[in-house]
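Sending over a structure as structure tokens; questions will come in a sec.
Per-chain residue numbering starts at 1, and chain names A, B, C and D are given in the order in which the chains are listed.
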Amino acid sequence: MSNTFGTLFRYTSFGESHGTAIGGVIDGCPSNVKLDMKLIQREVDRRRPGQSDLTTTRTEADTVEFLSGIFEGKTTGAPIAFIIRNTQQRSDDYEHLKDIFRPSHADFTYQQKYGWRDYRGGGRASARETAVRVVVGAVAKQILANKGIEIHAYTSQVGAIALDKTTAINFDAIENNEVRCPDATTAAKMADCIRTVKADGDSIGGIVSCKILNVPLGLGEPIYSKFESQLAMAMLSINAAKGFDYGSGFDNVALKGSEMNDAFVIKNGKIATATNYSGGIQGGISNGEEISFRVVFKATPTISKKQNTINSNGKQIELQAHGRHDPCVVPRAVPVVEAMAAIVTLDLLLLSQANQYG
Amino acid sequence: MSNTFGTLFRYTSFGESHGTAIGGVIDGCPSNVKLDMKLIQREVDRRRPGQSDLTTTRTEADTVEFLSGIFEGKTTGAPIAFIIRNTQQRSDDYEHLKDIFRPSHADFTYQQKYGWRDYRGGGRASARETAVRVVVGAVAKQILANKGIEIHAYTSQVGAIALDKTTAINFDAIENNEVRCPDATTAAKMADCIRTVKADGDSIGGIVSCKILNVPLGLGEPIYSKFESQLAMAMLSINAAKGFDYGSGFDNVALKGSEMNDAFVIKNGKIATATNYSGGIQGGISNGEEISFRVVFKATPTISKKQNTINSNGKQIELQAHGRHDPCVVPRAVPVVEAMAAIVTLDLLLLSQANQYG
Amino acid sequence: MSNTFGTLFRYTSFGESHGTAIGGVIDGCPSNVKLDMKLIQREVDRRRPGQSDLTTTRTEADTVEFLSGIFEGKTTGAPIAFIIRNTQQRSDDYEHLKDIFRPSHADFTYQQKYGWRDYRGGGRASARETAVRVVVGAVAKQILANKGIEIHAYTSQVGAIALDKTTAINFDAIENNEVRCPDATTAAKMADCIRTVKADGDSIGGIVSCKILNVPLGLGEPIYSKFESQLAMAMLSINAAKGFDYGSGFDNVALKGSEMNDAFVIKNGKIATATNYSGGIQGGISNGEEISFRVVFKATPTISKKQNTINSNGKQIELQAHGRHDPCVVPRAVPVVEAMAAIVTLDLLLLSQANQYG
Amino acid sequence: MSNTFGTLFRYTSFGESHGTAIGGVIDGCPSNVKLDMKLIQREVDRRRPGQSDLTTTRTEADTVEFLSGIFEGKTTGAPIAFIIRNTQQRSDDYEHLKDIFRPSHADFTYQQKYGWRDYRGGGRASARETAVRVVVGAVAKQILANKGIEIHAYTSQVGAIALDKTTAINFDAIENNEVRCPDATTAAKMADCIRTVKADGDSIGGIVSCKILNVPLGLGEPIYSKFESQLAMAMLSINAAKGFDYGSGFDNVALKGSEMNDAFVIKNGKIATATNYSGGIQGGISNGEEISFRVVFKATPTISKKQNTINSNGKQIELQAHGRHDPCVVPRAVPVVEAMAAIVTLDLLLLSQANQYG
């Protein structure tokens, strides 16, 4: 609840953008798993601010320190706590925002809900919290990888520039560019789009697509912990996410049943489906096909353009932000989407062990 | 988890399509609430099968019987159990499907996950379960109504026929037609569309839009129980739902920050927003504006057309279903979407009481 | 929470003493388990009111009706709902108690907590609710029995009459008498004691001891879901329970470490302990030895003797109860203690599957 | 679950005896609460090892560092993370125990459950974890104190030396001696007892009694989250705890209903009880009287005397521990019992806000 996510494999997240540190505690991680610490740091680096000219200029080393639960390089079954120290916080940047409710930010709602707020850099509402998810996801990914399960997210749209849906996705090409779009030509257009809005002091949104490969049959707990339901909750908890769909989703709403039903066939001696409008999930349970979903992100609300808004005294004022921010969150959201997908998948994998017993 | 939904206001659902009864137990319902039983039955009737020629021909009275938790017409704080008996089940209809995995149904995944299955009418995977949600939602709605909170869902798209986004929504007109679209002209086109696919032995999907009015400021528990995250989970748990978005959602992905930021202004002496691309939620917390979201439903997988599929022996067969089914689930999904929205909202309302204390 | 118990194997209970029915919903029961319905009813009969002259004169058939989750005699993995109808409720018996707060009952606290109450027979606070636990426990017991795990509870004390601690317990003798004490001589004394207090219009308490045999090594989830911690919570949730201890417990508090440490030895080629002051649990985790605990029950607060108390107007009155009640709850608490022990054990067994993975 | 405790006010604990740090994350702490950091440290000091010659010789500063959730001295509603660094760990002390299963310790069960273990100082199973509880409890206590609620625990028995039950308890005298017994004469005898067993290389257990004062009417969530049930779970999760009782408990089992029923009377114009055998809880709900319970602790299993046991190769060996340990855990358990009582009480207080609504 609230700052904890997951059932059997679960974690609790803490920390503010400009506090001492952010971090998390993983509980329920199976014991006896060898962890590759470099892989964990590499994932965190994929989300790191300041990684390219398309992202915020706040640069953070984002070094992960583990405090517990790992002994001689392996998990012990005890909670795994970790912290990432905030080293580049400049609270002065935000002093001028102390009494201002920035448009489409969480300033106003936090103030009202909690009676007051840590205004420095958005406090707890900052997307900096997503670094915690990436650490947890990197642990989950390693356990999943031991089972052959892979997760690949990529940027499929920035503003109006969309990856052609018929393009075959080369997962190896995702990290070839700073936008994280597997198609080089489209990626270049997306990068141009982001640079243009940045130059204009503006921002832009987009879509992250994600595939989970080699998911065993039977994950997902109907009725209220269906695989898609857990993914949707996970994805909508990411800052700036505005929507989720899977399989046929929103785009195929005009298709008829006869056009979108996935006929069962025999492939390689096993029952499979001829098409995959189901997105790998039927009745809330993985059917062994590729799981496929999308998450849409809005344009980041922090822009350099002047905006009208209200301060905490209810007075209208003109705001011109000069904090550091991303013109487009999508490229850095890619590893966050993967992380949340990994956490959901591992949790459902552990849960599924209790389905048949005795 | 699994068959339980909610934190403080929560319920557990049970029952199969062709078993003795379906039902639920509400736990955490505040005491001392007078309940209008007719209102509850009226909501159930809105979801009832056989209500028009656009729906399945299975007709069920769907009478709600309460077993506990209500004394002299008021809640006592004890769990509220209720059942709806299955009266029109015809298991013979499904005998021929015993060994068949229907395309895009849950037959195959249930069989694999649980080792065997109740094949009668989809068993637990049947959308009949959603009647339970409607009962619970009808209780939640009454408590919300006491606080002035209203929930209105409607059909905004069927197949390719979409309600014009600029149309002002007249909530009172939603129940004027069997499609539950507030615009009569569009509703007629939608009904035609459904009748055409039905005549063709086919099916079609669509979109339900929903508005929650008069939600107090401060609902939603960041980071992982954000209002949108809870709504997404709730909506994706509904049978045939393939996606969720709120506020600007998928359709406004090309807008820039300067175009979609919601400037704060003073309205009627209170802080409000000039526009509502945020969909009434900022930082996961309700901001006092109208909450606005959409849910997309796929074409129901049961069609009368012949389809190729596989039976449980792995043999390819030709299937022609002759069970009773809806050509389009959207009109009957409207009250289900409302119910889940009500449950989420009430739960967050109760949770928010613990935010400030002392 | 509240009316739900358990994590993976969990159930929700509902119903009042004088309502339509009591019942429950089991969620998370593994699929494909053949259930012996007669065994379930037999367990319920062990708790049934009116089973002997030592218990209440309210007689109830307490017939269990299953509504879902079982198909062709086997579990399907779907929630298992069941009800037990109240047939012998006589609300008139309680009309005179409507405005009276009976001493040491829940009348006063329910009234204050919920603002009003269902006063008939104690409403939700009635021990009648424990029949629900017995049904759930009977399901759990069958799954445990398939794994060789046995649970045996018995009456070890009534008032001042205690079973000698050095007595070897013959589990087969427990049901030989109506007190459920495995030693016939002690049982006779206990029965006499109960008859004497009953004749005097009074009541008496006692202790139930319980052993869980053949529990596999490794059950219990440290730190906060230790086996003993879960048992304690479960036992203290039973009506009239006032305490719990396990292993060395309260009685051996004067022993030194050197006297109560359980030396590890090799027995039958396996690591075991020479003594069992640990009660089968070390560090919150089962160690493979017999799990052994006790639960103390107070004298039932309903007595026929005249008592002074207060009514809801704050006036002092004299109360003489004439409802039906047990002079000693201990004999009927025996199957309830077993049921809760079974539920805890099965839940921890399912949870333990996630400890090592990968 | 497992390393998380509580529902609305809840925390997650992490850390091993000889790792980098132990710590916790409090989630659900109400916002806008001013925290006295010195009070928190003072509570931790009460539990600190090395505080007197009656305790272990391991001395730790046990300085609490907060990482998040507190801004300008007040809670923000965000998770409150804190760590206590381990500064005096000497892993070499435990190298010789690497392959040995110490009697009545968790070595054997952790090894079996998790497949391997952090053997240094008991790893996660060390009572050092209870320092985390004390920090969380110290936060809870401050919020409770703002409501007038006080919690006082004390040592009521060490070995066979028991505080006379008729002694009036002077809460102010508890901290006057290192045993934390409010009666000086009894305290001196208890201290002598502990010094004697210590000199003998042995250990001894005892009983902590606890009173919660000024608890409002209505806390506790029947049926399965009754106040006593939550306390029992909390107390039995403490290392070395072997039992819990409240009110009349185990010692008054021979009393009849007519002797132990708490008659309602009017005191100071309010409904109260003449006696308090109920221990302040009726039907699982606080009745406004003093809540009174006990927790029994076994003799700490670490002793200097030679013991026979088994190593991980199944060979019998002779063990003589030379780590640092407490001859009696009871004096240091006093603040831990208070902390857990505070956490349970605050959680139930927050939960009770949802009972009546509308």
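Here is the rule we use: contacts are C-beta pairs under 8 Å (C-beta built on N, C-alpha and C of every residue); 3 or more make two chains touch, one makes a residue touch a chain.
Since the model is a prediction, treat every value here as computed from it, not as a measurement.
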| item | value |
| --- | --- |
| Mutual neighbours - chains that touch subunit B and subunit D alike | A, C |
| Relative to subunit B, chain with the most remote C-alpha centre | D |
| Euclidean distance of C-alpha centroids - subunit A vs subunit D, Å | 39 |
| Centroid spacing, where centroids are CA-atom means, of subunit A and subunit C in whole angstrom | 46 |
| Inter-centroid spacing, subunit D versus subunit C (mean Cα positions, whole Å) | 26 |
| Multi-partner residues of subunit C (each touching 2 or more other chains) | 1-4, 13, 28, 31-32, 77, 110, 113-115, 124, 355-356 |
| Complex interface listing, subunit C residues touching subunit D | 1-5, 7, 13, 101, 103-106, 108-110, 112-115, 124-125, 129, 157, 159-160, 197, 202-207, 217-218, 220-226, 228-237, 241-250, 252-266, 271, 273, 277-279, 282-287, 296, 298-303, 305, 307-310, 314, 316, 352, 355-356 |
| Residues of subunit A defined as touching subunit D within the complex | 1-4, 10, 12-16, 19-23, 25, 27-28, 31-32, 66-69, 71, 74, 76-81, 83, 110, 113-118, 123-124 |
| Subunit B-facing residues of subunit D, complex | 8-9, 28, 30-33, 77, 143, 146-147, 350-351, 353-358 |
